[in-house]
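Each of the next two complexes has subunit A plus one other chain: subunit B in the first, subunit C in the second.
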Partner chain A sequence: MKTDLSPRMKVALYGLMCILLIPFVFPTWWMVTSSVKPISDIFAFPPDIIPRQFDFSTYSQVFELQPFARQYWNSAYIAALVTLGTMIVSSMAGYAFARIKFPFSNAIFMVVLLGLLIPSEVTIVPLFQMFLSWGMINTHWPLILVPVFGAPSVFATFVMRQFFISLPVELEEAARVDGLGRFKIFWTIALPLAKPALGAVAIFTFLHSWNLYLEPIVFLSSTQMFTLPQALTQFTDAYGGAMWNIQLAAATMTALPVLVVFIIAQKQFVEGLAHTGLKG
Partner chain B sequence: MTNLAHDISKPRRTFWTMERRDAAAGYIFIAPQLMGIVLFVLIPLGLVFWYSLHEWNVLANTFNFRGLGNYEQLLRDPALPQVLAASAIFSAGLVVFNMSLALLLAVLLDQKLRGIVVFRTLFFSPVVVSLVAWTIVWGFLLQNNGGINGLLQMVGIEGPNWLRHPTTAMISVIVVQVFKNVGLNMILFLAALQGVPKELYEAARVDGAPRFKQFRRITLPMISPTILLTSIITIVGSLQVFAQIAVLTQGGPGMSTTVLVYYLYQQAFQFHFFGYGATLSILLFLIVAVLTFAQWQMRRRLVFYEN
Partner chain C sequence: MAPVTLRSVKKSFGQSDVIHGVDIDMTDGEFVVLVGPSGCGKSTLLRMIAGLEPITSGEIDMGGRIVNDLEPKDRDIAMVFQNYALYPHMSVATNMGFSLEHRGASKAEIAERVQWAAEILGLEPLLKRYPRQLSGGQRQRVAMGRAIVRNPQVFLFDEPLSNLDAKLRVDMRGEIKALHQRLKTTTVYVTHDQVEAMTMADKIVVMNAGRVEQIGDPLDVYDAPANRFVAGFIGSPAMNFIEGEATAEGFVADGVVLPLAATRSDLAGRTLVYGIRPEHLVLDPQGLPATVKLVEPMGSETQVSMTLAGTTVIGVFRERVRALPGEVIRLRPETVNIHIFDAASGRRL
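So, the complex of A and B:
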């Protein structure tokens, strides 16, 4: 489809894309700008696309109304552990399923793939009971153990397997002739080559953990333990009405750091996801 | 190559031959994943089924065997048709809107235009915005006196109270979800488009085939494996939607946006009917399994593979 376009066609395409961009970009802009508007201005008509007056007190109120720094830390360290754990578990399993011959490997792979068919929502009731009997309710263990070892990591394993299958086997064969053990081969040869796939796994695992909502509200009950998505919905007044500008300040603090990292590293981000075993 | 490796390792007549050591390594490598699947997927799946045969109220502390009683209750549940309808409308609307928008954006981004990477980045950006943060902003925008109706009023349109009418509430949750995640499918489609061999288009151009025909006869078949894969991921994902519903509408107004996962959450964790919640989980599992299987079957008829 790539042909040189006429200037008129180019203008039309730019125009179309700019219009299509509005619902993608405007909400983020509106979140950031509304978070620094005084409460009297946030529902002003006509809407102020650029704030007329700034009120940064919303940002300090976020920390007064909730243990927000603690909640931020909760989300951050859980996401970091889940990402690291998933990278380890899925790259090892993916490598074994792609490269190592062992009895029943195909049958076991099919069993593991069942995880794709069984979203965590299906098993949330018994998982709650299991973690209750282990005394892990209102701890972060369920939010770490289930994603790293359970259904959410299966997709990562699948991606890693697809990647290792596509990798030329010759390098590893040479190392085997030299008498290198499997673990050495995996660690020193295969894994360094798998950086693009690992990057993609890291990105979507981090985002998945960072966005988790059902599991935290099922497993966690005290505000000290809450994760960010859960905390964001708690900024309500005595009548349950949303305190919009404070909520938006908290949302901005949640969204902006990841967004900035993404914009800096967007090339690796997008291409990592695009070229990773997801081609059917 | 493999044979060569075997020949060299042959002289050792120990128990730990190359094959055996390899097999042991294989089991060790998959052990964490396999144990996780057994512990956090297979056993819970068995338990879900077991629970679904019981009347279990956590508050009243009752756990009584009820046979298929929960399933009878499921069939007679007056809310079930509404819940299934809401799930079906949500999933169908989401998949159709998501896939077509993703394809349109991918085709646009595949053009030779200066600054296209900036557009790609911006279209993709909601994917990395925290889901609940994104949903909260849209909830704010969709208020009766919020940003969207404000913008509409500037051009003389009186917008509805989006989240307070059944139809517009459903449209809202679909749209919010699509704009959040369409970037992922867009990127996968874009990669697929860029993988279509250029010679095919050259040949078509020589034959004088119009652009639209090229798209239908060359592009679509060539990227059909990606379309299939993304549609499976999107449908299964759409059945798991929870946060958006919980934050935007709490399943309302009435039950108009109460999709299956939200209903399951209400029954199990708000009303404490764990047995009935487990029964709904089984229903969700069956729906996911049947849909995935059906799409996988369709692959043979609809998907074009090069090899």
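So, the complex of A and C:
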């Protein structure tokens, strides 16, 4: 919607937006600047918005204190596999719920949706027992399998289903007349058109997996297997006190790829959610 | 090209019957238009011919083989949809060649067929564009190109012009007709627009509430409608209907005696409906009085809404009528063009 505002209103509006920006931008600014401050400067009062001195050695210490590169790789490949798996499962399930008529499909979809209502804290102990009996504790399998077949995938399935419902049926009928079977229609017609929704699913699945904290601390026990959110808690001194500047340097490196991905893909993300009718 | 025959074709959705046993014979190369009001079942019938909708009972015969249980791809048909149904992520050329690609045609053959169709439809400059970059008329032509490229036995059109503006609709009507005359492929065309039906069809099938009301040559259907529904549906403006009773003097309605052909003495004493098309009312100083309600000058003709024998009727006159609302003009129904319908059954007598 395009509105014509008077210059005074524009100034007021931008002023308000700048004020609203503070709670969103300040924590990130604080994280990045504190990561290069000596630890004594972090708690100085009044706080320094711009560091008085820059100490980049904190970034190298991150790699000295923890197998951080390995942990980075762990997080990256787990998030990539979870994202890929969720895209496959949710697009196929979403398409089936949207387009294929089978008995009790709506009731089954409701049951699937109920999975969203169960907090992960409730299922974590039974899941631990299950993966223990499968010999998968201190492996990355639980961190891959639970999101792909659990609540995050249910949400993604919902998003994909809403998108496929909005796709004109005539496109698929034209494809049937053109000689395509069900799977080819899905693969060559429906899926390429679902790129915006798939993009949105990919971004929020990746973010969810990248930020996952509870499951790693339950299922993983060795530092070599840790993911980044879990690794961030490990930067402590001999007395268990947090090494704030090093921890914030690690946090900055952890947040960086997510920020980059989100800035590049934010248009896709918003469009994807708009296509699914989930726009606020 | 193939003849298409429907035999006692029925369709039910649950307990609700939507097509009540339809029989239609379409000869090889014929352009058949299914026409009727919204919800009459014409699109459902077309979808059943296409194989997109299973039939409940009956038989669909295409070129001598029963296709009831065949998938759309195995029926050798091509369909043009109301909203074009072009694949948005493919270029015009890819859209047109898509079906050939999935039937294992070689790249050279696909390119040749696409080029052939593009030449016929004037699409050559658009082949690399995407559907979103085309106007409504161009999309329509691409949809037709996609249909003809495979050289199917039967073309199916589902209200293909209803999304176009009035002028483009007239142009495309001509193009589709010209295309049919060139390719001579059996065509089934669905529309609710009776002008489209009249101008394009070799054979019209008028449908109402899941039943075929009349099948015939467009002018035969116009000149001799089988019943009141067909008479009212085919023709624009619609036929005028006046309820009354046939007597020895003529047709009496609201105390006015309307002329009947001398040969219709068999109707005397019956309650009937008198039908006369607007262009078959002629101005005549010796004619019946009609009170003018509205005069609409069209330029080439004048359309007048008026009250005749207690009923509102419309007349279309070549003359320029300059009457004001409330004035009385005199007119005469042409007796050779009068249609008489049974008041109860609606059947033409």
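Couple of notes before you dig in:
One rule holds for everything that comes next: the second predicted complex is superposed on the first by the 264 of 280 C-alpha atoms of A that agree within 3 Å, B and C clash if a C-alpha of one lies under 4 Å from a C-alpha of the other, contacts with A are read in each partner's own complex, and residues count from 1 in each chain.
FYI, a contact is a pair of C-beta atoms (placed from the backbone, for glycine too) under 8 Å apart; a residue touches a chain by one contact, two chains touch by 3 or more.
Keep in mind the model is a prediction, meaning the values are calculated, not measured.
Of the two partner chains placed by superposition, only subunit C is touched by A:184; subunit B is not.
Contacts of A:225 after superposition: neither subunit B nor subunit C is touched.
By the touch criterion stated above, A:171 is placed in contact with subunit C alone, subunit B being left untouched. Residue contacts after overlaying the shared chain place A:92 against subunit B, while subunit C stays out of touching range.
Shared-chain residue A:192: touches subunit C; no touch with subunit B. Judged by the touch definition given at the top, the superposed model places A:115 against subunit B, while subunit C stays out of reach.
In the superposed model, A:36 makes contact with neither subunit B nor subunit C. On subunit A, the patch touched by subunit B and the patch touched by subunit C overlap at residues 170, 173, 176-177.
Against subunit A, the residues of subunit C that register as touching in their complex are 50-52, 71-73, 77-79, 81-83, 85-89, 98-99, 102-103, 146. On subunit B, the positions that touch subunit A within their shared complex are 1-2, 4-5, 8, 19, 21-27, 29-30, 32-37, 39-45, 47-48, 51, 105, 107-108, 110-113, 117, 119-134, 136-141, 143, 145-147, 150-151, 153-154, 175, 179, 183-184, 187-188, 190-193, 195, 198, 201, 211, 214-215, 219, 225-226, 228-229, 236, 239-240, 242-243, 246-247, 261, 264-265, 268-269, 274, 277-278, 281-282, 284-285, 288-289, 292, 303. Considering their complex, residues 1-5, 10, 13-14, 16-17, 20-21, 23-28, 30-31, 34, 42-43, 45-47, 88-90, 92-93, 95-97, 100-103, 105, 108, 111-112, 114-119, 121-130, 145-146, 148-151, 153-154, 157, 169-170, 173, 176-177, 181-183, 186, 207, 210-211, 213-214, 217-218, 228-230, 232-233, 242, 244, 247-248, 251-252, 254-255, 258-259, 261-263, 266-267, 269-270, 273-275, 278-280 of subunit A touch subunit B.
On subunit A, the positions that touch subunit C within their shared complex are 168, 170-171, 173-180, 184, 189, 192-193.
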